[in-house]
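Shared chain: chain A. Partners: chain B in the first complex, chain C in the second.
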Partner chain A sequence: MTAYILNLLVLISIYAILSTTLNFIIGYAGIFSLAHAVFFGIGAYTSAFVAMNLTPSFFVAIPIAMAVAALTSLALALPALRVRGEYFVAASLGLQMLAVTLFSEWKGFTGGIGGVIGIPPVELFGFAVVKPWQFLVLTLACLGIVIVVIRRLVHTSFGRSLKSIRDSESAALASGKNITIIKTLSVVLSSALTALAGGLYAFYMAFINVESFMLATSVLVMAMVIIGGTGTILGPIVGATLLMLLPGALSYLSFLPQTEIGSIQQIIYGAAMVLLMIYRPGGIVSPKAGGGTA
Partner chain B sequence: MNMPHVAHNTATAQPVAGQETLLKVRNLQMDFGGLKAIQDVSMDLRSGIVTTLVGPNGAGKTTLFNMITGHLKPTSGEVDWMGDSLLGMPPWKIARKGIARTFQDLRLFTHMTVEENVLTVMEQEGWLWQSGGVSAKVARREKVASILERTGLKDKAGVRAVDLAYAERKFLSMARIMATDARLWLLDEPASGLDPNSYGLFLELLRSEVANGITVCIIEHNLDIVVNISDRIAFLDQGRLLADGAPDEILNNPELAAIYFGER
Partner chain C sequence: MLLLQLILNGLQVGAIYALTAAGFSLIFGSTKIFHFAHGATFTIAAYLFHYALTNLGLHWTLGVAIAAASAVVFGIALDRFMYAPIQRHEGSFFTVFVASFGIGIVVENVIGMVFGRSFISVSTSLSRSVELLPDLYVSPLIGLAVITAVVCFVAVHMFLMHTHAGMALRALSENTELVKTFGLSPRRLSAYAFALGSVLVVPAAIFTAASSGLNPAVGHHVMLISLAATIVGGIGSIRGAAFAGLLIGMVENVALWQMGTQWSEAITFAVLFFFIIFRPSGFFGRAAVS
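Let's turn to the complex of A and B:
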């Protein structure tokens, strides 16, 4: 039971990093991306590659993964953010589809459909992080760092610029803000931090394949952000926790057909999002004044 | 119908000694498909005075603002700011050159606080952070506090723009433009819908800023405001500049009055 709970907590923490980083661009910059799982995947595959071919050191593998994700996101963001919001959604969806093909076919880097197996445990200062509770501490520490970084960012002039663009692009432009550069930077930062979650995931699972980085993951993370509450620090964490607990909670309801839990889960996600959009569009945790930090 | 000459006849203006021309618009044209929204408009905006754009709805006043500020690319013509062409320049660069604007529908940063709305306008220098360190940061905060005091929004500093009353939103729009270091303000119906008290404060603010050297071009339908603040008036109708001159000359022209009130 303890192992199950620890496993769940690690996964919740990793998904909380994903939802927090996606919320950074959705909630504060108004950029809706359907390619979040791509940068999660890039982080995971790059960390695994570095760990297996160079060193499993956290301080080498993770920064390299973050840099690769940042550069890849730059390639997406620079052209796509020059156009209106809905085009970015379409471009990100295109990138997601492209990435899944690449993840499935680039056997030398991703192991193809079979994925990468035997990823060594991550090392911190020469100490291998093997036990689940140790990994939980590492993941929680990383989540804490991501929260602090994003919380700091949204309270700087950069954060205010992002929020101004979210609220009115034309007024932000008229205020002298180069919205293309500012939005691009936000996507690059978000993608780099997402790669951190990818690296943690690869080291924790010791095995990764394309199944974890498909459109369904991008949609799941977006659901976490929207259900939890966009434009808040706490909302995405609440959303990640609820949606990660949902499958387990449903399996305890003995009257539900256990073979159909997956479908029931999808129905609940969909219904929850529709109801929230109608009755509480800000999500479970609504923003405080200033696009805030609830 | 004996209209004052259109377009480039700036000779009818009432030049005030020592005042330079900040912005020149020459033969500006804006076509939306078959619709000619702006047709061969030429005019000057001179420093330190208030030029009012008047005309019936759909005359092209806001379109002209959008072309000057880079939100719309003119079909043809020239926009010149103190010797530099603004054509093809993105709106954020034009704003940084010293041309600020408000919007008829305000376009406030609705989910940001009043203080943040004003502060963010002043933060143009860097993408990730501002130069000048703590002292510059303190100076910016002090400037925001002073602007909020002058616009009557001091007590609303922590309130989100979306939660403000109508007149307060109007003043926030003014506060935002006051926070810029722009020399030229383009104000799109800033006083529409204001109650008499707010209207008085608005006039006082505007006069004080003009006295401090701000050049203003204002779109306004309220003839009381037009009479009270204008140094020059430009009259637009159906995309054409029908007249550009001193307030008396324009306001006493029965032909223009007939057009304005839809009598022809």
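Let's turn to the complex of A and C:
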């Protein structure tokens, strides 16, 4: 039972990093990405590659993974953010589908459909993090760092510029903000932090394949952000916790067919997204009840 | 000969893409609703057509009628019970997109639970290929798809240009306030747009079911094509979306000359990205760079 709870907590923390970083671009910059799982995947595959071919050191593998994800997102964001918001939705959906093909075809780097097996445990100052509780501490520390970084950023002039763009692009432009640069930077930063979650995931699971980085994951993370509440620090964490507990909770309801749990879970959060948008667009943790701030 | 074969296949796929994209473009252009659940409409129509023919053994005309009715009902219901309440209090891009996306997830999974998650296709006598020239296989479906697409586009064009409702719809895409001033109801026009846009996916759904087949997640692919074609063709231009759909279908198939089928979505992405970088306003669009 302890092992089950520890495992769940590690996964909740990893998904909380994912939803927090996605919230940074949805909630504060007003950019809708359907490609979050791509950067999660890039982080995971790159960390695994570095760990197996160079060194499993946390301070080598994770920064490399973050840099690769940041560069990839730069290539997507720079052209796609120059134009209207709908373009980014389309471009990120396209990237997500392209990435699934790449992840399953590029055998030298991703191991193809079979995935990467036998990723060594991560090393921190020469000390291998093997036990689940040790890993939980590491993941929670990373989550804490991500939250602090984003909180700080939101309260700087950069964060205020982002919110001004989200609320009115033309007003921000009129007050002399370089919208494209600010938006692109926010996507690059969010992708780099997403890759951190990817690296943690790869080291924790010791096995990764394309299944974890498909559109379904992007959708799940988006649901976490939206159900929890966009534009708040607490919202995405609440969303991640709720949606990660859902499969376990559903499997207690013995009258449900066990093979359909995955579908039922998706129907629940799909319906929750629709109802929230009609009645409470701010999400569960909403700054002001009933009123949309995003 | 292989190239000719691929061009012919591209024509069929392109006609299907053109119809899907035109439906999305019509709805998005006139109502400004980012109708991501357009893919769900496609899935519902295709699965009900398949069910009517394969499981109930109905005549294909009945199948088409069921598919068309379900698409129209689904489209109008979403407009009335989901988009209208959202637009009443806010209606930002965010809320509309998320709700639309949510309903897409629900439909995909309900279809998966009811009809199964595996790949299905409808086999008809029309989908059997005939060897027209040595090594050139042509099924009557190709011609039928192209003719249907042309007929649909002529009909839509006549409707938009020569009927009062069509003219009002075009006015709606220009200026909602002015439409109200003239005593027309944007809500009623919105229902027209959804009915027409949704019915346009029906032939596309049926041809896809009869040729390449479907699975419950086909909606995402449909949306990628629709969005890509809408952008490549120029936002707000139905004609542009149709041409762009044809172009994407053609490029996807001709690329098979050198690449495997798994790369077809990569090709779509490449076309889209090329346009975003070099011509963001698309073929016929208004300026899109902010």
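The definition used in the following text is that the second predicted complex is superposed on the first by the 287 of 294 C-alpha atoms of A that agree within 3 Å, B and C clash if a C-alpha of one lies under 4 Å from a C-alpha of the other, contacts with A are read in each partner's own complex, and residues count from 1 in each chain.
Everything that follows uses one rule, which is that contacts are C-beta pairs under 8 Å (C-beta built on N, C-alpha and C of every residue); 3 or more make two chains touch, one makes a residue touch a chain.
Not measured: the values here are computed from a predicted model.
Of the two partner chains, neither chain B nor chain C is touched by A:211.
Within the superposed three-chain model, A:158 lies in touch with chain B and out of touch with chain C [touch as defined at top].
In the superposition on chain A, A:93 makes contact with chain C only, while chain B stays out of contact range.
In the superposed pair of complexes, A:179 makes contact with chain B and with chain C alike. In the superposition on chain A, A:219 contacts chain C only, with no contact to chain B.
Set against each other, chain B and chain C differ in how many residues of chain A they touch, and the higher count belongs to C.
Shared-chain residue A:167: touches chain B; no touch with chain C. After overlaying the two complexes on the shared chain, residue contacts for A:85 are found with chain C alone; chain B is out of touch. In the superposed model, A:231 makes contact with chain B only, not with chain C.
Put simply, chain A uses residues 173, 179 to touch chain B in one complex and chain C in the other.
Against chain A, the residues of chain B that register as touching in their complex are 69-71, 90-92, 95-96, 100-101, 103, 107-113, 116-117, 119-121, 123-124, 126-130, 158-160, 163, 176, 180. The part of chain A that touches chain B in the complex is made up of residues 156-158, 160-161, 163-164, 166-168, 170-179, 181-182, 185, 231, 287, 289-291. Only residues 34, 82, 85-86, 89-90, 92-99, 101-106, 108-110, 112-113, 220-221, 223-224, 227-228, 230-231, 235, 262-263, 265-266, 268-269, 272-273, 276-277, 280, 288-290 of chain C touch chain A when the two sit together in their complex. Residue ranges on chain A touching chain C, taken from their complex, read 26, 30, 32, 79-80, 82-87, 89-91, 93-95, 97-98, 101-102, 104-105, 169, 173, 179, 215, 219, 222-223, 226, 230, 260, 263-264, 266-267, 269-274, 276-278, 281, 292, 294.
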